Amino acid sequence: MGNTKVLCTASWEPGVPAWRKDSGMGWVTAEYSMLPGSTAPRKSRPRSGHTDSRGLEIQRLIGRTLRAVVDYEKLRENTIVLDCDVIQADGGTRTAAINGSFIALSDAVRYGLKKKFITQNPITQRVAAVSVGLIKGNTVLDLDYNLDSIADVDMNIAMTESGRFVEVQGSAEKTPFSGEQLEQLLNLARRGIKQIFKVYDKALRR
Amino acid sequence: MGNTKVLCTASWEPGVPAWRKDSGMGWVTAEYSMLPGSTAPRKSRPRSGHTDSRGLEIQRLIGRTLRAVVDYEKLRENTIVLDCDVIQADGGTRTAAINGSFIALSDAVRYGLKKKFITQNPITQRVAAVSVGLIKGNTVLDLDYNLDSIADVDMNIAMTESGRFVEVQGSAEKTPFSGEQLEQLLNLARRGIKQIFKVYDKALRR
Amino acid sequence: MGNTKVLCTASWEPGVPAWRKDSGMGWVTAEYSMLPGSTAPRKSRPRSGHTDSRGLEIQRLIGRTLRAVVDYEKLRENTIVLDCDVIQADGGTRTAAINGSFIALSDAVRYGLKKKFITQNPITQRVAAVSVGLIKGNTVLDLDYNLDSIADVDMNIAMTESGRFVEVQGSAEKTPFSGEQLEQLLNLARRGIKQIFKVYDKALRR
Amino acid sequence: MGNTKVLCTASWEPGVPAWRKDSGMGWVTAEYSMLPGSTAPRKSRPRSGHTDSRGLEIQRLIGRTLRAVVDYEKLRENTIVLDCDVIQADGGTRTAAINGSFIALSDAVRYGLKKKFITQNPITQRVAAVSVGLIKGNTVLDLDYNLDSIADVDMNIAMTESGRFVEVQGSAEKTPFSGEQLEQLLNLARRGIKQIFKVYDKALRR
Amino acid sequence: MGNTKVLCTASWEPGVPAWRKDSGMGWVTAEYSMLPGSTAPRKSRPRSGHTDSRGLEIQRLIGRTLRAVVDYEKLRENTIVLDCDVIQADGGTRTAAINGSFIALSDAVRYGLKKKFITQNPITQRVAAVSVGLIKGNTVLDLDYNLDSIADVDMNIAMTESGRFVEVQGSAEKTPFSGEQLEQLLNLARRGIKQIFKVYDKALRR
Amino acid sequence: MGNTKVLCTASWEPGVPAWRKDSGMGWVTAEYSMLPGSTAPRKSRPRSGHTDSRGLEIQRLIGRTLRAVVDYEKLRENTIVLDCDVIQADGGTRTAAINGSFIALSDAVRYGLKKKFITQNPITQRVAAVSVGLIKGNTVLDLDYNLDSIADVDMNIAMTESGRFVEVQGSAEKTPFSGEQLEQLLNLARRGIKQIFKVYDKALRR
């Protein structure tokens, strides 16, 4: 994702949110934030009472994507919190955060198995995300900041290793797109996601 | 959208946000909120310092969808604010809000032309939205609350009258979906959206 | 109340505020808010950390007025919340909210009796409110926005059906008023309130 | 007002709120707060994002009462802020704050004349406030905390030296009151207010 | 401390913060605030969502200083809250608040012994604070506002009666200071603190 | 500083805070925050309306220390913001943040000279900070988390290369300390700070 750097940390917390108590099932949630120095010009820290709605939307996306591949019962009544803090932003921070979070989650699961917080791996399958876009009619994979700012269509796709969709989020920033263009974008995303899974292999090997 | 009722109001405001000053171009933005009595049990009003991230995500979607069909230059340096207040919630509030907002926006444009705020219609084409979903492998159009809560996949689609996509947002709540299923969902959405445009004809006829 | 429209909703909530726990007695409270599109120009939604002190004052008045005609013991340990959301504002929103809330409360009591939340009607008597004012020395009943903005004295009166006062709130916006003028205003309010009770008869008949 | 102690300070601020700019007219406003140690048990300081609606209602009352006796044009484009901080609370804090603020305002006007901020006294007449109440059918003047907590009706009256009303605020905490009882309460308030004006004479003599 | 006036109130609260529950030990904490009228020009009250970081730093200092001379076990599971509200500010408000708080704490301990909240005096020894500074190379004791604003070094010292340090906080506002200058400042502080203890004798005698 | 890791970023911002406008002088300020994953258990992100007073105190200290070695006139009307984000916390985060910030500031000054924001180096001399403490009567340099939690006295010292003090902040967490012990602590700090300056040499060499 260009020069984007996102620090992804997974933390085990005993217990689950109040609405899920005594269900025997766990929870996975994510928080996303950009450090002030991650952009130029510097981005002010959120003041009390001001909301960064873009960040909230992204952290909901991260949480939803990961939860789609987690078996809550195997997680027992534990919560895993993924903290995604952007250290350097160059486009694609949300897909970088999903992929980094998946690795952190996998790491946390290993730790939890070792520490006997859980006895079975709750991750049902791997998931990864990429961005694709349309620029002057051409499909482009993994948009960095410069590409993103001129794209007519911006789409984020999260898929499983078996090639099924977990999230499909496409917006026509300028020009609405046809069904055929959508098909092309999805195919390009499929190819990109295969590459991410290869990165996972390296990152998670020990 | 089932028994969902959303009050959509469009307001003209002279001027544009600071970052857009002296561009000669206008802006369209939306705010979305649920009245406390719109759900059972009653939903508390947002307290200072607490954020309703779902609402923020929805209002960003509404604004983005409408802006995709607005010619900012014809709008001149004016802002149109769409307020979407849910009076009764029964699933599909976000698509109801998009469609209601489009009608309010059209109405506001007529008013602006009459009052000479603008001289040309800035709406480039009509846009409408529906939800579709997968329930036990079957595609379903326009999910009400009961359907939504059991759906495996929940998708919101916004399209123009010419059949091109403005927004495609699909999430696998439980089971990831195949490319074929995505195709079926998009086709169903196309049919639903045609019906919405007929409702527009009635609503906007005078 | 002119073209004022206030949506009043009553919700049953089991339990009472912490300071009233285990008293065997219920509670009635109100919240008041103006939708952004209810005024021209549009009224911004309250931001986190900013307080609409006028709205807080009004919701305290609504709650106090209704509580004066409620027998807490018959309500048992339940809370009824009245949500008053102004959809269109043209003066007299606080008296409209009191009267609309009384109707919603009566409706909620019927529902609670039917659902066996309670066994006896906790409403001890009817209460209604009107505004009166002095404009250039003349008394005026039910001030709409135009009248309100030129009034020398603005007074809100809540009375029971037996003609006793529950709330008397008069402010000299410009010119202090004499005891005689106060007497005239109270008499005018008595006549206005009788009319409101007739509206109640129609609204609550089924 | 029993053992109530309120520190009232008036501050001159050049300029007026934005909505009043370039009107040639001034503004008077008040802020009211209770120190944590003013009550037993200790009252927590307002946290960010929590609202003390009682305090907001009182400060609006103080401001309105004082503005009724101020000629804005003679004040020129200046703001006088009255800070009312309750050091010890024993009932009647709102009337104590009005009376203390009137003295502070008078003092500030003298200072402003001396410093040539203004050339004419903008105070048109004196104003003072007392509380009256009904306890078991008897009228009571100046309720301290013990009386206030058992009163059936609680009323705050602000009057000018000429005996005209500026504010009349009465609430039936328990039992609605008749027109005759209202008359008795107003007469008692008239007598109490005469005593306050004598206190003013002493406080403002130099 | 010049014309500085700080109202210091100590309140007993049963129980301790959550993290200290069931430890058998008490807690002492402080809150510091400046009344709006304590400075010229008037200081605005803290708005929701805005933080007065200077005030927070000071209240942490006050709490820490007092806790250094309190035996938590003798205090049992009680909290004493010190409220320091500045009524008039003329430099040295933090040291005035520490000294005033120590007197209020001593007073509260007497009250707690009398009321049998505790059976032994938890204050292990007396503590007092002064400010010292360097102005053009000269050491100065107890800086008022005028001195403070021109000081090159500003230092606050809290000491026990036995001459040991509890807090040493020195900042070079303009010119860094030598070890020798630090020694001179500490000696001056020792002399000043002896005088404060004499004031305590008078204040606490009954 | 043990295993502590603090990310320090310096950003140039044109202009200065409002109170410093048109003075011809610049400003240096710092912000300090701990990432949620920097501690175990995970530290929640600050919610709107809640204040992390420890963090505010630290960022004031960082800013003050750096400003003591900056010539505002050479900085012109520019602001340099230092963001200190703790990635891993193991004691000594405040001194690590000061030292990291000094390096970032030096780096930013080089950049500003190259980009011609300024023409002269505004840093008047180097400054560095260490923590020292007393544990069971023994002086200890550079306390990590384990040492810090058992220390009787905790002191942070910032010094210039010429051996003069910029900040001296010592608190007796448990036992007040003598003048002699203070002298020992200051001597130990002097030795530690010399080592930091050697680290600077390496970090800033290019």
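When the chains are written out, they are named A, B, C, D, E and F in that same order, and each has its own residue count from 1.
Quick note on the criterion: contacts are C-beta pairs under 8 Å (C-beta built on N, C-alpha and C of every residue); 3 or more make two chains touch, one makes a residue touch a chain.
If you're wondering where the values come from, they're calculated on a predicted model, not measured in any experiment.
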Most remote chain, CA-based centroid, reference being chain E: B
Cα superposition of chain C on its sequence copy chain E - rotation in ° rounded to nearest 5: 120
Chain copies touching (chain C, chain D) - same or different residues, decided at half shared: same
Chain pair with the higher count of C-beta pairs in contact (E-F, A-F): E-F
Chain E-chain F separation of Cα centroids, rounded to whole Å: 25
Geometric centre distance via CA averages, chain F-chain C, whole Å: 57
Cα-centroid distance, chain A relative to chain E, in whole angstrom: 49
Cα-centroid distance, chain B relative to chain C, in whole angstrom: 34
In chain E, residues with contacts to at least two other chains: 48-51
Residues on chain A engaged by chain F in the complex (per definition of touch): 7, 9, 11, 13, 31, 33, 35-37, 40-42, 45-46, 48-51, 81, 83, 85, 87
In the complex with chain F, residue positions of chain E that touch it: 48-49, 51, 53-54, 56-57, 59-60, 64, 68, 155, 159-160, 162-174, 176-179, 182, 186
